[in-house]
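Presented below are the structures under discussion, each in the form of structure tokens.
Consider the two complexes below, in which chain A is the common component and chain B and chain C are the respective partners.
Up next, the complex of A and B:
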């Protein structure tokens, strides 16, 4: 999985979620979009939905099961869930590690 | 055809519920350690230990491949142990907690993800009147089911946004393998305490579950018992 593929996967899923939650700002998400914290349009449950949906997207597209929230993710110095940018780095790493 | 996943289908309540849902036109996936011996074209079983995380993940992957939306998960698989707290071996307490609580945790998480993705679904956890009765002699069992009830209430809050509901339904003693070790006197006492002196049949228990499945207004996070619990 390449990083641009990872970005595309995340942005597509955020746009779907934005339409569902009636949050137009999510439909305009970019790589810089924050995924949690005060400046984020996603609440904690929205983030959970996004991560669960992404795990399923990865399973369908890459035929592998990944767990995106585990001790490894939580113990990283920079949270992989901070922004689309950070999440894309992390997903690319996890998917490629799992595949190899 | 609505589709259900039921754990612990080989015996007792899980077996009876599976047969009832099949008779009503459901497709049922059964997860059990031993065979349910239900020869029905709409029944498919997986012989798996629900506390084995990766084995259940493989079942989930296989069910996903079939592509049927999962409307219902019934976490029914469970075990009981009659013993005083002071005499219960640690290993027994551990295995009861592992099966009753962690088993339900595992399937709730894995099938809950499918339901969250679908944006609909109902999860039913089976509990027991022994929890509100604080039944002496069953501490390990009661504690594990109290954990299941807590899991139900917290999960309800977390998955409401995805349109998934979760409830817990509890019963008094039903005549199954689970209750065979309990003396008749004790069973009668429990049945009297919950206002069901004649006890609870498998049919009454499955009807109670069906009533909840068919109730669109059911409140997620609720824990209900068949009987009069004060």
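Up next, the complex of A and C:
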């Protein structure tokens, strides 16, 4: 999985979620969009839903099962859930690690 | 011995007792079979109370043997023919003889020589009363072994007046709900209708053909009937009463069932293998609230869990610690319930089924009830899955109608749930499956 593929996957999911949650700002998400924290449009439930959707997308597209929210993710120095940028880095890493 | 039930069966003479699979049987046939069974029992030359595995299904032979063994003060282990766990169950129950029952015939086989050591069993034997040994599957570990006073379960029906109602048996023969239906029907001169199988087509056919008046079933089973599209008012016109129990009933499912069976009375029943079936009254056909109307029953709610104390209740399990029973005689049902302002009760599910999402608790039925209202959702199940951010989150399995695209149905379900439920109750992940295997709430009671 390449990083641009990871970005595309996340942005597509955020847009769908933005439509579901009626949050137009999420529909215009970019790599810099914050996912969790004070200036984020997602609350903890929104983030959990986004992650679950992404895990399902990865399962279907790459035929592998990954867990994106676990102790490993939570204990990283820089949270992978800070922004789309950080999450893309993390997903690319986890997917490629799992595949190899 | 002169059992009151035999005297009653004689008085019902040529009235039909059983119909459906196994053919038509009149009460007089049951009396004939009774005498044959007694002859076979006497041949065994038993000096003490003995445990019999009664292997079969609803039939003239099984009901006659239940009554004959009760009359002689023996212990009965009813087991479904073909039960994969039967050998393990029989050895844990300690059956000395096995009766393999067909519709009107049987074979008796010696199994093993086991003496009854457990105080609960010895107590029954001492009182010269019969016991029925049942298995109650818990949320974990092996099935709990329970001995109920079968004479007491039977004698509850002694004061009831003959009714000649026709009752369909769909609840399992080896569970308390099925045994209660059997005793209720055959002690009152009713007709026990045994369907060929439990497919919606055969059930509807049996209701129409034998003019069934009462249908005791589970919510999942009624859902399958409703979704079959086979129910027409003409075919079910004989039906007066549908009783449902063994699982929680989501409100939206109750509404779906009401629309399928218009004008029929719907009543919630409640019972556990540990307490027997208890008398209840539903608030109304459209409500899943009910109240207990059993004068012998005490109940209370501790930390949302229903506690019961009844005269038909067992004192404990034969094979596991009795942590569900308190020293002062209360049985902790493990059922999470809700009480309304007038004291009516609603079953929400099993205590262990509660999902804790970041400190907010919910029961699966709250989510299921909403999901069932989404067009295209045929059946569903909600449950908790571990999540590193929130502790647990809600996940769901859904059976979708065949004309629905899964991706769009998933979006509709979540959208719909968001309008009806707080965010933490909305399923985070939704998987599509082909069946929920008949158990709406996976670990609900199996009685």
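Assume the second predicted complex is superposed on the first by the 100 of 100 C-alpha atoms of A that agree within 3 Å, B and C clash if a C-alpha of one lies under 4 Å from a C-alpha of the other, contacts with A are read in each partner's own complex, and residues count from 1 in each chain.
Quick note on the criterion: contacts are C-beta pairs under 8 Å (C-beta built on N, C-alpha and C of every residue); 3 or more make two chains touch, one makes a residue touch a chain.
Since this is a predicted model, take the numbers as computed values, not measurements.
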item	value
Partner chain(s) touched by A:56 [first = chain B, second = chain C, both, neither]	both
Touching partner for A:27 - first (chain B), second (chain C), both, neither	neither
Touched partner set for A:65, first chain B, second chain C, both or neither	first
Chain B versus chain C as contact partner of A:93, first or second or both or neither	neither
Touching partner for A:47 - first (chain B), second (chain C), both, neither	second
Which partner reaches more residues of chain A (counting touched residues only), chain B or chain C	C
Where chain A meets both chain C and chain B, residue numbers	20, 45-46, 48-49, 52, 55-56
List of chain B residues in touch with chain A within their complex	57, 61, 64, 113-114, 116-117, 119, 158, 161-162
Interface residues, chain A side, partner chain B - complex	20, 45-46, 48-49, 52-53, 55-56, 59, 65
Footprint of chain C on chain A - complex, ascending	16, 20-21, 43-49, 52, 55-56, 69-71, 73-74
Chain A-facing residues of chain C, complex	358, 387-390, 393, 411, 414-415, 418, 423-424, 426, 428-429
